[in-house]
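Let me begin by presenting the structure, written as structure tokens, before commenting on it.
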Amino acid sequence: MIEMKSVNKWYGKTFQVLKDCSLSVAKGEVIVVCGPSGSGKSTLIKTVNGLEPINSGEITVAGTSITAKSTNLDRMRSKIGMVFQNFELFPHMNVTENIKLGQIKVLGRRPAEAETKALALLDRVGLAEQASKYPSQLSGGQQQRVAIARGLAMEPMAMLFDEPTSALDPEMINEVLDVMVGLAKDGMTMMVVTHEMGFARKVADRVVFMDHGEIVEDATSTDFFGSPRSERAQEFLSKILNH
Amino acid sequence: MFDLDFSVIPANSSLLWEGMKMTFLLTGLAIVGGIVLGTFLALLRIAKVPVLAQIAAAYVNFFRSLPLILVIFWLFFLVPLILGRPVGAFSSVLVAFIMFEAAYYSEIIRAGINSVRPGQLAAARAIGLTYGQSMRYIVLPQAFRAMTPILLTQAIILFQDTSLVYVVGLRDFLVSAEIVANRDQKLVEMFLFVAVVYFTFCFVASMGVRFLQKRLAT
Amino acid sequence: MNYNWDWGVLLRDPYLGWIIEGLGWTLAISLLAWIIAFSLGSALGVFRTASSPVLRALATTYVEIFRNIPLLVQLFLWYFVFPELLPEDWSRWVKRDMPFPALTTAVVAIGLYTASRVCEQVRSGIEAVGPGQRQAGRAIGMTEVQVYRYILLPNAYRIIIPPLTSEFLTIFKQSSLALTIGVVELTAMTRQIEEYTFQGFEAFTAATIVYSLVTFTVMAIMRQVDRRTALPGTFSKGAA
């Protein structure tokens, strides 16, 4: 479903954020990307839908190149859902309008149809009662669940999550992870940047570990948590798990 | 010394009202035109095409370095020359105000756009909206909301600035009052009246802006 | 467009002299008005943030009056109305014997008007320094005056160099309003050249270039000043 081949990216002329990254995500697979801060994992996930342009390499999603000039990137993005660390709900629109906007303006759905879809998705993420509230009236966890619903409304073939729980208070993390676990069980292709190792162990098919812009380890989650091969991954795991 | 006679004001109320209507009309049209052109310039300035951004920046910096009176003189001279026929002072003055104010409005709007977090644009692009759609539905509505108080303050300044049409004799409120003042030899009364009227409008409007600012802040 | 170009007109006698003389008057008005605006505006800015409610009310009233009446109307008030409201001897002096009556009036009017704007800049600068600094100063036993003199103002002025620069440039541009009461400054001079020679294009271009050049020069200089006066480790945005 998602294929990345030798992706390189520089900030300016000197700083290389992504070094020769290759990765493939099969249909229905859940991949967790982890690594220390500044390792390039957020940048990596944003290259998948072209929000971060790359300098060299190749990225295809469902056989369509993201990097080719001829690709209609807007079209492609509408087929790949994305959830951001800071939710990025649109503050001047209520929850339902947030979910309807892309359906109407990008997919060309009729407003009534978009509304039905929005309400069904809100129900799915457990927020049916909040439909007419504004983002600022919701808790962080609720906002992030709306953001997931906004992504799902486009009926994406894959979902990207960029640290979806790291801006949340601890007591709200699980309500978001529960929704994500549900999605994974329904067979959604997912690429998730997160430090939530419990989530990774429970639902991830593979874990990708990054450091200094490189993919250091790409292993099944059983292997990764059982016996990480690289020293850097071992060190990272001991820091993040031992307290 | 203080034998002032304000009866001259009601006696000329219709002439003064005509002038005031001209002041309002010019202010209103200049605000609309200035914001439209200013938004366009602001969008050019943040666009990723360096040439366009530089042209817009040059326009803004150039007009901000000039006195409004000089711009009024320029257009008063240029517009008839370009059209090849005489036009009324109103059209050339209106063009001058729009071109001049757009430079100031564009700076306000650009600051407003920059105040919207970059993640909002990314989120809009992520659901497949084009750059134009993202600007129109996501970034600009938030930007305009954030900068409404400053835009209104600029509108008050513009309302005051329209008095400069005096230099080409367009009959706005001030010029109408001056005509009465000179004809009836009532300079003191008329100019005091003009000052009180402008003050009342601007003071009340600025109180309104402050009220709005407090409401937006909470 | 039907127009006879003649750029040579700008260098011809007496027009070149007119432009230079006009610039001289423009600069004279701007600098003199700035002295009034800066000193009065600074005092008002201090009043506006002082602990005394009387001083605060005084400064607030000043600001509200001066910024809510168009500068042109204020100019006419000082020129046509103010002398009439004075006792007869004074009135005669202002109207007849005062040196450069139009120029003086323009300087006073523009200076007093801009003082209200400078006041607001100084106030925002002082507020940006923060209440903690004021309390810290009082805590080591300084008087309110000392706190302003040694702590609040030195920091506030550093912060507001960019907005004060643009206030000065505003004065520079607004000095053109003086032409309405007969001061033949730069804009008036070029208008005069247009009326004498019908070479409006050339005349207005000359004024445009001069205004832009002065503006950009002042901005470049102030950017240096801003950089030099910045405290180590503080963030400076550069002249506006």
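Each chain carries a letter (A, B and C) given by its place in the written order, and its residues are counted from 1.
One rule holds in what follows: a contact is a pair of C-beta atoms (placed from the backbone, for glycine too) under 8 Å apart; a residue touches a chain by one contact, two chains touch by 3 or more.
Computed from a prediction, not measured in an experiment: that's the story for all the values here.
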(message) Just to be sure I understand the contacts, which chains border both subunit C and subunit B?
(response) none
(message) Let me check something: if the centre of a chain is the mean of its CA atoms, which chain is farthest from subunit B?
(response) A
(request) State, to the nearest whole Å, the distance from the C-alpha centre of subunit B to the C-alpha centre of subunit C. (result) 21
(message) Need the CA-centroid distance for the pair subunit A / subunit C, whole Å please.
(response) 55
(message) So the centre of each chain is just the mean of its C-alpha atoms; given that, what is the distance between subunit A and subunit B in Å?
(response) 46
(request) Using the touch definition up top, name the residues of subunit B that touch subunit C in the complex. (result) 1-2, 61-62, 64-70, 73-74, 77, 81-82, 84, 160-161, 163-164, 166-167, 174, 178, 187-188, 191-192, 194-195, 198-199, 202-203, 206
(request) Going by the contact rule at the top, pick out the subunit C residues touching subunit B in the complex. (result) 1-3, 64-65, 67-74, 76-77, 80-81, 84-85, 87-88, 169, 173-177, 179-180, 187, 190-191, 194, 200-201, 204, 207-208, 211-212, 215-216
(request) Note which residues of subunit A are touching subunit B in the complex, please. (result) 46, 49, 51, 74-82, 84, 86, 88-92, 101-102, 105-107, 147, 150-151, 154
(message) Which stretch or stretches of subunit B touch subunit A in the complex?
(response) 117, 119-120, 122-130, 133, 137-138, 141-142, 145
